[in-house]
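The first chain written gets the first letter, and so on, giving A, B, C and D; residue counts start at 1 in each chain.
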Amino acid sequence: MLTELKREAYEANMELPAHGLVHLNFGNASALDSGRAVMAIKPSGVPYDRLRAADMVLVDLEGKRVEGRLRPSSDAPTHVVLYRGFARARGIVHTHSPWATVWAQAEREIPLLGTTHADLSARPIPLTRPLTESEVEEDYEGATGRALVEAISEHDSCALVRGHGPFAWGASPAAAVEAAVTLEQVARLALLTTLLAPDGPPLADAIRRKHFERKHGPHAYYGQ
Amino acid sequence: MLTELKREAYEANMELPAHGLVHLNFGNASALDSGRAVMAIKPSGVPYDRLRAADMVLVDLEGKRVEGRLRPSSDAPTHVVLYRGFARARGIVHTHSPWATVWAQAEREIPLLGTTHADLSARPIPLTRPLTESEVEEDYEGATGRALVEAISEHDSCALVRGHGPFAWGASPAAAVEAAVTLEQVARLALLTTLLAPDGPPLADAIRRKHFERKHGPHAYYGQ
Amino acid sequence: MLTELKREAYEANMELPAHGLVHLNFGNASALDSGRAVMAIKPSGVPYDRLRAADMVLVDLEGKRVEGRLRPSSDAPTHVVLYRGFARARGIVHTHSPWATVWAQAEREIPLLGTTHADLSARPIPLTRPLTESEVEEDYEGATGRALVEAISEHDSCALVRGHGPFAWGASPAAAVEAAVTLEQVARLALLTTLLAPDGPPLADAIRRKHFERKHGPHAYYGQ
Amino acid sequence: MLTELKREAYEANMELPAHGLVHLNFGNASALDSGRAVMAIKPSGVPYDRLRAADMVLVDLEGKRVEGRLRPSSDAPTHVVLYRGFARARGIVHTHSPWATVWAQAEREIPLLGTTHADLSARPIPLTRPLTESEVEEDYEGATGRALVEAISEHDSCALVRGHGPFAWGASPAAAVEAAVTLEQVARLALLTTLLAPDGPPLADAIRRKHFERKHGPHAYYGQ
């Protein structure tokens, strides 16, 4: 069932160690079939070098496992809430990629300091609010998803979960991986820039708008 | 004798350069047969690219070499003391992996700043106390093991030896390697987080407990 | 048409990911046929792993596409202005290579702190002035080229575009790649040196001159 | 003539990019035949991927080329002075390896902060004094060698040339490469330790002596 969806989720998962975004098994990717309201997601705690497409677990948007021998990623409820709250996402990636995770651990959004960032997003990379103690105890992974939905706006393709690490998404699992890779570069540039020039200015406003618009705006002229 | 134990120790040793945890021959791994109270450990000063499973040296828990042409790692007495003092360890890994070693050289425990750390341990990564001058002169490697045993508690799987570098252990040599790899990631995240936000807060307490418990607690739901 | 020029541009482009200077498709290289006043440049937004020599787009020095099915890099007008303003360039490379980009984002020229830098250039790596808002809105890529031409002098082979990233050039596309690779090393050394010794002195003047002259001066004795 | 010496020098040179110590052609290694007072050294400015053992240039300890079509490394006079001033060296390596070069550019010796350093040397890694302007103008490379000889003492196997980068040496070209690789690790650990704990203490004296002595002292018990 949904062999193609599982294959897409599998391939997105396998891109994560290939791009250096995950070590061991810290990370997971999912693919959504929006018509059926079912996602395929990595099983929990399975090392990438033993993962097969057939291991992907199917979970519906109520969070119920609908197929698969293995337990889904423990972060599956976060994916579910994010798919429900952000209509255009068809793929989601979560990693502990080091540079983005450092910003999450420092509990700081990533300031917009250069054109690499502006090519990805026209604003800082958002950071989720702190969860309350009862949110953590009662429904930690769901509450994480709700905090993400609160933090993001229409054009975002990634965000940081406070104290934890990045999530990225897109119109396909491959687009989600691309956003995660770009975010990691942006996070690295911003961190080293901040160490070099702690009180440096953000990118000039006109250039910020120009770069985002030439790639993502109605009159975009980047790409084919 | 104990061919399987030597193979396990050999494979754990070979994982260390593969994960980028050792350069040249700075590091060693051992495997314990707890029934016979004998460990297999890397020979001293032998480059990884010439190492063979048959080169592993068998040492008993009195520190006596019981088989092997080659001298054991000069850190063998530390492994012995750690196996005796920490009953559930069946594998031990010692490296000079760069990010963890920086914390050891700075003589600071690693603060618990994010969920990657909480997935490994519910508390800071401990640091051994300073050795006295006579401890260093009389039985340096044994004293290092005793300082490790003093510093750690039941749920720890790794610690830093002050001025020196990390040790990690687990229920198997492979589990010890996994703890060493994860520690290195945690050390890197914590160092960069500390440079970005020197006075940043530790991870929220509820999330710290949640992550450790969902992976290692009695009601763990991470993994299969 | 101009198959050899396209091949040279293609090969320079493919060197960029091989040297770790670009991730995904952030970067572009071009090759100039100065007799015909035509350059071959990477098409916009095409991933490196799908790029073929035949995909290179021919653009004249008025900025007009003269051959090619695909749109040229959105930075093509910057290349055009730079070729027109800097007569000896036959190849140009633009990347978002991380260490050089950090200096561009910090809006700082790279100070001359060691002999690795002096082997490349006898002065700091220049930084372009801020663009005005109307320059950004009316002709962003052309204005970027003009700001580069203003910032550089005769012996320069690279510069930083403020808020954006590095450009490098040379007497051939391969020489431009070599300048880009060296710049990245120089930028990395300078950044880490600045973190270690924020008020450290620049390289001694006599050594600065000596290194540049022994490699690039009239009595150079470096190389064959 | 001296085919074996050239092969040794060639192999040491090829280890430098393999260990990540050189980019492009920034670096050189030599091998000494002390009986004949002749060294084999890399030719100047030849890329590593085109280098052959037969390209090594033979230079005597007066600095005269005695065989070879190609010009020797422009740093050859530094090697000559170092071989003459430091009797036990049979191999010398010079690189611009990034972490060690940062200390050279910051014009700071590398403080002894941990056991990885103490396994290599019982004291800080020395830094050469500033050269005078006339030294630079009249005999730059020879003066660099003399400053190295002044800075080092009997047990050293590496040093930093102020503003420039590291030299390392040993009883064979392979031992020189090993010293260069270890120095780069030591430099990296020391730099990150200094960023984390700017006023941190040096390694405890007893441990410093213990580590150096167990590896290099008269009663060494490290290795086979």
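Heads up, the rule we're going with is that a contact is a pair of C-beta atoms (placed from the backbone, for glycine too) under 8 Å apart; a residue touches a chain by one contact, two chains touch by 3 or more.
Remember, predicted model here, so these are calculated numbers, not experimental data.
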Homomeric contact subunit B-subunit D: same or different residue positions, threshold half: different
Reference subunit C; chain at largest CA-centroid distance: B
Cα-centroid distance, subunit A relative to subunit C, in whole angstrom: 32
Gap in Å, rounded to a whole number, between the CA centres of subunit C and subunit B: 46
Shared interface positions of subunit A, touching two or more other chains: 195
Those chain pairs that satisfy the touch definition: A-B, A-C, B-D, C-D
Subunit B residues within the subunit D interface of the complex: 23-24, 26, 43-46, 70-71, 74, 96, 98-99, 101-108, 130-131, 133, 136-137, 140, 163-165, 191, 194-195
In the complex, subunit A residues that touch subunit C: 113-116, 119, 178, 181-182, 185, 188-190, 192-193, 195-197, 200-201, 203-204, 206-207, 210, 214, 221-224
